[in-house]
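What follows is subunit A paired twice: with subunit B in the first complex and subunit C in the second.
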Partner chain A sequence: MEPTVSFFSGFQPSDLWFLAEAAWRTLLISVLSISIGTVLGVVFGWMIYEGKWPAALTLGPVLDVFRSVPLIIQLVLFYNFAPIIGLNLDPFLSGVVVLSVYCASLVANVARGGMEAVGLPMRRAARSLGMSYWQDLRYVVLPIGGRAVFPSWVGVALGVMKDSALVSVLGYIELLKASQILITRTQEPLLILTLAGAFYFALSYPISRYAATLEKRWAT
Partner chain B sequence: MFDYNFHWRPVMKSLPDLLEAGLVTLQVAALSMIIGIVIGLALALIRMHMRGPVKWLASAWVELARNTPALFQLFFFGFGLGAVGIHMSPYVIVLSALSFNCAGYLAENFRGGFQAIPDTQLRAARSLGMTVWQSYTRVIIPQVFRIVYHPLTNQIVWAVLMSSLGMLVGFRELSGETQALASRTYRIFEYFAVTAVIYYVIVKIILGASRLLAARLFRY
Partner chain C sequence: MIEIRGLKKFYGSLEVLKGIDLDVPKGEVLSVIGASGSGKSTLLYCINGLEPIQEGSVKVDGTDVHAKGTDINELRQKMGMVFQQWNSFPHLTALENVALAPKIVKKKSRAEARDIATRQLQHVGLGDKLNVYPSALSGGQQQRLAIARALAMEPDYMLFDEATSALDPELVGEVLDAMRLLADEGMTMICVTHEMGFARDVSDRVTFFHEGILEEIGTPAEIFGAPKSEHLQKFLSSIR
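Moving on, here comes the complex of A and B:
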């Protein structure tokens, strides 16, 4: 009998570890980008809110570009542009930069909405009580406006987490890229894709449900 | 620092190809929106008015579409269904994944819209002698449409942006065409920069058109 050579090998327990590591990388890049993006986005949102028309004319359209161009194009563009200006970034860093800016452009809108949700009389009252501008922001605008837009922020954050799958085009081995690699080797796409999908779902579903519950509770 | 020579000529030469691919993008986005609206409407109504397995299925559809990455859904329609013997062309893969995704998101929008219409409207329409079908198509849905008009516009933009994922399954829409052309000339940055501009223009045209349409539709 001829020995048969197989290019493919079945799904092994060690592959689960490979997937878990990739899931960890998905988490890492998501949490990092969402954190940086949120801080940046709140600052941008505040600038647009307070800066009136000069900020709305300069910063607004720039952020709008990041919302109007597919993320995958942004990733490829930045990854190929960085070496031109002498930056040598690995896929992970490029991914973090692009995802953070993308996240910031979305959060800026949310943050501005939150600041607009706090009525001017409330702000004037705070200032009349002797609060400084920053105290007003910290103790009045943040709790009230933050609550108003918290559910939208969760939506944005989860969106960025899901979009982090696109960093795979740069060669960063996150969960979906890892499952693609495994599929090529094991030829068992259904099993592996189900595992990967279940991970995203298990992360996203409870958080979005929790945000919806909070929204309902705060609405009353 | 800047020792990179930009070569725009090959890009400009293939601009007609890119614009043609842009039409493919628009086509697949528009089709997926139409399918998504029909299915999304059905899913919303099923989730509100039915019980049992049908409702569970509809809920599963909506939650899966909303809580997993679009790229995962694309891979599932591509590789996952391929494993069980359903082979589709890249066009059909992208179209079905996009429609699946859009239907899920739109179902939630429609549900919100339906919930904003008081129950009394349906009862009033019924007592005026309208059939259920009539009261929905003549009374309820026109009002819902007005409420979901803005989210609907956003969803069209999302569909256009998401269709760029077609690049990863070998579909020659705007991004896929760009990648194919870029890898032939190695002018990756230039090609993707032009593509980004085209996406931006497409999105702006859609938003402008929807604003014009809104001004016409919602005059009274």
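Moving on, here comes the complex of A and C:
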């Protein structure tokens, strides 16, 4: 019997390593985007909350656009049109930029809600002690507001991590793209997707556990 | 000394203070009484610079609170304020609540700030609650915490905005006791209050506000014993 040449080969232990590497890339792009997005989002949220800067007038609608347009469209548009204005970014950096702005647009709303939750009487009490505007913001508004909206922020962060899978459309080999590659080769979608799912779970679960611990500690 | 001259305050088109003249010398305990909406609380907010004013002036030890060049954050360190809602910082323990402002505003060292906080908390009878979070304190305890927090800045004046109004009746006494103690120690105090007993027994002078006007001012004996204005007579008979 003639041996048949096959493009397909079964799942090998080394493939697990391939997936793990891809999971690391998912983690990397998520952590970067969520960090940058959170800092930007808090600043945007504060601008909208204060509402006196001209920025606040334009910022809201702009953030609405980033919140409403599907991420996959944003990614493709940015990746293909950025070079026109002279930005030659690789898939990874393009992904970080788009995911960060997307994350910021979501965090801005959360942050504004947190600042509003603190309330004028609390802020007046802080100011009456001689605290400056910035001291009040740093030591009273951010810690109290931050705790109030922490669960919502965790939701946003986990969402962004899962949405980072979409960066695969630019050719960045993260967890989802890696699983597609393996599925094509092994023809074992069930196994590979289960593995990929397990990796996503392994990335998010510690975050939600840690978040729950923090919330419990703050509740006392 | 707090000097108020021709103070007018509007919320939009609503005139809440219609030209107030009032001097509060060092060491005096002044109670401000009157119906809700008479402008008593607003007066305190204007003294502390938490609300802008439209006319007149408020001077604290000669410094104009509302002048452009005034460093309001520095001036506020002279005036402690206690609010109807105690507003304890929920994310900090009692000790940290009191130590925060000395640390970040007065730039005291950590140890020094903790010392001050411990002393002030003991002073108001919360020496055994140093490491407790506000959520585990009663309203009366939180209000005493707020008093300790204000005192930790070593103010020359204390402003009390209906400090007992939001408390359950059985908790009013402990807060009034803390205020009485402060008065006995010679603190200059302006107390907006509905506690007529406190106003009568503790104050050097009592002033009655009616619809944004300072209608009457005098010793407790004069105000409660021989009220002159018709509004004050009505007010006093309505609360008896």
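The working rule: the second predicted complex is superposed on the first by the 199 of 220 C-alpha atoms of A that agree within 3 Å, B and C clash if a C-alpha of one lies under 4 Å from a C-alpha of the other, contacts with A are read in each partner's own complex, and residues count from 1 in each chain.
Definition applied: a residue touches a chain if its C-beta (ideal position, glycine included) is under 8 Å from a C-beta of that chain, and two chains touch if they have at least 3 such contacts.
Predicted model only: the values in this text are computed from it and were never measured.
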Check whether A:P13 is in contact with subunit B, with subunit C, with both or with neither, and answer first, second, both or neither. neither
Please tell me which partner, subunit B or subunit C, touches more residues of subunit A. B
I'd like to know which partner A:G130 touches here: subunit B for first, subunit C for second, both or neither. second
If I apply the document's touch criterion, which positions on subunit A are contacted by subunit B in one structure and by subunit C in the other? none
So, in the complex, the side of subunit A touching subunit B is made of residues 65, 68-74, 76-77, 80-81, 83-86, 158, 162-163, 165-166, 168-169, 176, 179-180, 183, 187-190, 193, 196-197, 200-201, 204-205, 208
Footprint of subunit A on subunit C - complex, ascending: 45, 48, 50, 73-74, 76-77, 79-81, 83, 85, 87, 89-91, 100-101, 104-106, 133, 135-136, 146, 149-150, 153
Give the list of subunit A residues in touch with subunit C in this complex. 121-122, 124-132, 135, 139-140, 143-144, 147, 218, 220
Show me the residue ranges of subunit B that touch subunit A in the complex, using the header's touch definition. 1-2, 4, 63-64, 66-72, 75-76, 79-80, 82-84, 157, 161-162, 164-165, 167-168, 175, 188-189, 192-193, 195-196, 199-200, 203-204
